[in-house]
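Order as written gives the chain letters A, B, C, D, E and F; numbering starts at 1 within each chain.
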Amino acid sequence: MESDSALWELKKEKVLAKMRENKRIDDRDFLQYRDIKIEQGLFQNAEGSCKVTLGETVVYAGVKMVPGDPYPDMPDEGTISVLAEFMPLASPTFEPGPPSKESNELARVVDRGIRGGKCLDSKALCIRAGEKVWVVFIDMYIANDGGNLFDAGSLASVGALLNAKIPKYEDDKLVQGEYSGDLEVKTLPILTTCAKIGNTIIADPSLVEEKAMSARFSATTLEDGRICAIQKGGAYSFTKDEVKRIMDISMEKGKELRNLLR
Amino acid sequence: MDEELTYVNDAGLRLDGRKVDELRPIKITPSVLTRAEGSCYLEWGRNKILVGVYGPREALPQHIQDPTKSIVNFVYRMASFSVPERRNPRPARRDIEISMVCSNALERALLVNRFPNTKIDIFTYIMDSNAGTRVAALTAASVALADAGIPMTDLVSSVAIGRAGGTLITDLTKEEEDAPDAVDMAFAMLPNTEEIVLMQMDGEITKAEFDELVELGSKSCKKVYEFQKDALKGKFKQNDESVN
Amino acid sequence: MESDSALWELKKEKVLAKMRENKRIDDRDFLQYRDIKIEQGLFQNAEGSCKVTLGETVVYAGVKMVPGDPYPDMPDEGTISVLAEFMPLASPTFEPGPPSKESNELARVVDRGIRGGKCLDSKALCIRAGEKVWVVFIDMYIANDGGNLFDAGSLASVGALLNAKIPKYEDDKLVQGEYSGDLEVKTLPILTTCAKIGNTIIADPSLVEEKAMSARFSATTLEDGRICAIQKGGAYSFTKDEVKRIMDISMEKGKELRNLLR
Amino acid sequence: MDEELTYVNDAGLRLDGRKVDELRPIKITPSVLTRAEGSCYLEWGRNKILVGVYGPREALPQHIQDPTKSIVNFVYRMASFSVPERRNPRPARRDIEISMVCSNALERALLVNRFPNTKIDIFTYIMDSNAGTRVAALTAASVALADAGIPMTDLVSSVAIGRAGGTLITDLTKEEEDAPDAVDMAFAMLPNTEEIVLMQMDGEITKAEFDELVELGSKSCKKVYEFQKDALKGKFKQNDESVN
Amino acid sequence: MESDSALWELKKEKVLAKMRENKRIDDRDFLQYRDIKIEQGLFQNAEGSCKVTLGETVVYAGVKMVPGDPYPDMPDEGTISVLAEFMPLASPTFEPGPPSKESNELARVVDRGIRGGKCLDSKALCIRAGEKVWVVFIDMYIANDGGNLFDAGSLASVGALLNAKIPKYEDDKLVQGEYSGDLEVKTLPILTTCAKIGNTIIADPSLVEEKAMSARFSATTLEDGRICAIQKGGAYSFTKDEVKRIMDISMEKGKELRNLLR
Amino acid sequence: MDEELTYVNDAGLRLDGRKVDELRPIKITPSVLTRAEGSCYLEWGRNKILVGVYGPREALPQHIQDPTKSIVNFVYRMASFSVPERRNPRPARRDIEISMVCSNALERALLVNRFPNTKIDIFTYIMDSNAGTRVAALTAASVALADAGIPMTDLVSSVAIGRAGGTLITDLTKEEEDAPDAVDMAFAMLPNTEEIVLMQMDGEITKAEFDELVELGSKSCKKVYEFQKDALKGKFKQNDESVN
């Protein structure tokens, strides 16, 4: 990173210079996403899987369903767990080891969108009330960091859920490799992120735009137009008008991305 | 759980008798510790929070230093006995996320560029909790930073806003956070410029509600700001008196 | 610390210089404690809580009671766990992270005093023999390090126990926020610490005196005059006469401090 | 488990129709990632593996540097969903051992003495698995290293060989690995000099079987080598085309 | 280590120089082991124990048997766990802390030999099918690193198993200090290691020979002449002929070492 | 448990036949390891302890260095099989405390000011245990330090003293430690100056008993000292012989 920092400083300057001409470094419209490719059902051992390519960014998500104990206060509800692994091959600055705070934030924001948006029916994940419920593990693997991991990771996670099957569970045992049906997905929460560069709001920041941005704002929206999760990030601020406008953008962009999943 | 609760009654009053836009009692005491360079004890409803501040001091190990600015290191922790079920003292993933977004929220107000290669440590401990701990900690933190004399462009004022029983309300209690339709939004602002520096939300809302919450958050932050100013005035008044 | 060490060296010299005049740096008598303030019942979520202010030193202790499994060899006895967190706000030299060896020692010495002094009746902490017992968690939080954390931490811990209630436990469940009665405290073990500076023994060392001391000696005593825990610390030594004398001091000071708790 | 399975039938064919010395389908795609200096995606039977390579780059922290050579740091990890039972994402003891022996296997081919005080990182992730993941990862790794343009004396080609139902076979499936008399040997070679750089074995064999397995491994590695060469030729051909 | 490295470089050169005269640094024959001493039954708290001295190398192994839960897919089989602790007193370069990768490799290779060689009858370790089985913990403690820890550690582990008794287990409880009989050992898997120095293959490398070697090859063999585990190590390579020859050496040396155990 | 046991019988003898102030058999063998700079194997009753010593050597990482003295790093560990119930090999909180107080106890005897910025590592492993392991480890440690030739003003001799069945006794066994009225005091002294360098106690005693225990500890340490001296004499005698 050290040796690269001068290079990134230059690139960042270019982003800002172009922005002063009202242009993005890659000539996208301010609210335009990069090309998106969604591939589902890639892996046989995962109950569901999805690879999302968003410009240079590549994220895999996989779903595993494991019979587990319910929480005492929710005896008839399944649970979900969301984790993100920043594979060290995805960027020269990612290091092997325990999850970074960036990885923690990504996982928690995606988690809140899925949970808050009631994407899964937690009661449908009950196997036997008070005894066994499904634990739905959603694990993201970041394979190439080209910026905006939030949106790519969230899309891959929902894509993997849409693709997931429920394992057969008989006589208190998991029957490996057999399935009792598809996992029902009730809503499609879509996370979209805007960045503020100077005073301009752009959607889907690329990596170099992330270096140049002063703050970001992410919102997860649902089919019915409701907002189910919000996360402001970065060290700078937004005005009240900016956040209201970004919320309109999020709904519009949420629709666009949601259509790719269907 | 308690789906039949009336979160706001016909008189417009909430379960604890507050109006929809009314804050719980807030009591802020700066300078409560002698070792920390700045400190603050804050009681907000039943939340009790202790904050201590150090810095700018050399950032170590050296490889974390940023030659362009001071690193803002806000640390959020909960005492093991601060919640109904005992909490493992090790930081949870939630703590790590809160520490990160609150560090960001404070950085806007701190003149970080003046202190390259240093860090400013803000340690916040929740000693007792009842909803809204992160905004309470953030509110206490700027008082402790001011107490330490660390230069800031403005304080950061913070509040939770949200919804319970269909009504938008400010400063939710735990009971309100458990409403079936609850929405909980952590909100922080520089009160003088109305710049939003923290926003996180759980729950489902419409765009109209969102816009309204932003205004409610902004209005409520200004009330919080008054408590912060009073606390710091009290302190500086005391100092003046002790000079005489 | 590095930058401060010269300053501490100076302060330490002052302590020693005054000691040569048979005086303490803060003009206390050799065996005099600093002012003590005990506040109990501060926190609603803790079953019991106590804040002790001992000169500049501030320590909080909280008690949580959790239903847990008994040890196989003590099926009808509750258990206790004592931990100390050196909050990094308490001193510029405390660092966030896993417990330091100093924190470990403090917790273990307080633990031995409470356990050895039979402060709690472990059989009274049995919920259902062989199945469920109370685990009493005593957690100290050091908020300001002004020296002699041992005595302040121990006093806060016993203070929190004295203030603790037993949660209601019905139908194999904890009823949050309701209590079945007070926790019974059988004895009041009081830990007192003496330091050796030069050849002088002083009680209740302040932080700067700790820097100047060559060794410390801590003893926990009970109402009936018995000693229930001892810990010598620091790199220097004591003579046999010194430890015998310190033990007399401990009993006397123990009485003083115990009276503050009642 | 399935003691009555016929692992090799009268026609000399295995459960999945392969001959005893036949490999599963292998598909190698280099240059699949843009951030890594070299990369490779490999499908081998139902194994799916992603590899990214960085280096030689400065070895940090400094005290791990070797002034005589570059450190080869092969890292083997399994995605949590790559196996039937979800796997804890933390590295298992097995992963650490595989990482070590594969680092050793690659070092022979890399001109490590040319790059003192540096390290070459090879991160391999098993995204989906069905027996033979370590040899697949090692095979993919040399393609990714070539893709990165890191100087090597030869590729490293790798394959699993072993026994099921009394017959020595190449490239075992999970089903064959579960045979009651199963033997599983991980084998890697520099294909041009026939130097053995990796050998690990579980299960019980005679000396005669061992000798035979060594020959089978050597023969099979050369087949794997052809896939590696083709993949790299495809890449360099593509590059030629893109130049035009 | 740093300050020693020049010294080791010299010693290594001496090994290579002697090798060029077809001699080993300690004048052993190429395939000759150093002196071996096996002491069993040293420790009363261990179910079985063994100390192996191989030249300068000293390894202790101890066996503890603990009632535990069976794996769901092997309800009537006991399990084994093998660990190695590189005690920091065994070498100036060993550091306290979590297991190094060298320690992990040693434990896993020894484990595979014992498991692959069916040294223990896992069904005989069943206490009550589906409920309780014996977990056999084999822990190696490296006390002096004189080279070839693999062979010494493996020998000590099998020696400790040979010496182990099965604790008495009554009424779902372990009866401390009483035993129901000897642990039955079905086979004697012996691990032997050869090193390649230049183009010469030697058995039982000493520490300085390990510094000079380019690669090593270890194999575990059984009484009936079968091979049950193999591990190639080190950064260099072997020819096909070399590995075949080493396998012959392993069987011959395996016999020699096995005789010492009986 | 065994409330009816008679810990000291009418003849003044204990369960294992010892007198109240009698030590269990002690056997000390220095120089048992070749890699460590000093070492010692000690058998004390059924305790068996291995100690190895390194230093003074550079303290690393650098920031732990003390420019005024050598850091004494006594490490106490128990082998997993050294106790009736298998012990997790990771250091327990008890181990960390024992390591700390024993480091302190040894520092008094070591001329630490002569070796700034260094550390002296003393690694002690309990291989088999039956009460009094920490005092046995400390006793063995000074022999190993002497074996290493590290300059000391005196040895450190250590012993456990306490009470069982109402009588004050020296060198308790596990059975005596389990007495209903048991008191267990770890005690260490510089035998030539009678300086107390370690004292820890569990259980309840009166002041009179305390005073008596201090004398018993002191007397017993001197006996331990004889074993240490003999062991070291044996060693140096051997050395003399080997010189001839």
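Everything below uses one rule, namely that contacts are C-beta pairs under 8 Å (C-beta built on N, C-alpha and C of every residue); 3 or more make two chains touch, one makes a residue touch a chain.
As the structure is a computational prediction, the values presented were derived from the model and not from experiment.
> Taking contact as defined at the start, I'd like the list of chains shared as neighbours by chain B and chain C.
Common neighbours, chain B/chain C: none found.
> Find out how few touching-chain steps suffice to connect chain A with chain C.
Contact-graph shortest path, chain A to chain C, evaluates to 2.
> Taking each chain's centre as the mean of its C-alpha atoms, give the chain farthest from chain E.
The most remote chain is B.
> Quick one: point me to the chain whose Cα centre is farthest from that of chain F.
A
> Roughly how far is chain B from chain F, centre to centre by C-alpha average, rounded to an integer in Å?
52
> Distance from the CA centroid of chain A to that of chain F, rounded to the nearest Å?
Chain centroid spacing, chain A to chain F, equals 58 Å.
> Any idea how many Å lie between the Cα centroids of chain C and chain E?
48
> Do you know which chain A residues sit against two or more other chains?
none
> For chain B, give me the residues that contact two or more of the other chains.
None at all.
> Please categorise the chain-chain contact pattern as a line, ring, star, complete graph or other.
The chain contacts form a single closed ring, each chain touching exactly two others.
> Around the ring, starting with chain A and passing to chain D, what order do all the chains come in?
A, D, E, F, C, B
> Could you please specify the touching residues of chain B with respect to chain C in the complex?
It is residues 33-36, 39, 46, 48, 50-54, 57, 75, 77, 79-86, 89, 121, 123, 125, 127-130 of chain B that touch chain C.
> Would you pull the chain E residues touching chain F in the complex into a rising list?
42-47, 49, 56, 58, 60, 62-64, 66, 83, 85, 87-92, 96, 137, 139, 141, 143-146, 176-177
> Chain A touches which residues of chain B in the complex?
72, 93-94, 96-97, 99-101, 104, 107-108, 185, 190, 193-207, 210-211, 214-215, 218
> Would you pull the chain C residues touching chain F in the complex into a rising list?
Residues of chain C touching chain F: 101, 104-105, 107-108, 112, 115-118, 217, 222, 225-240, 243-244, 247-248, 251.
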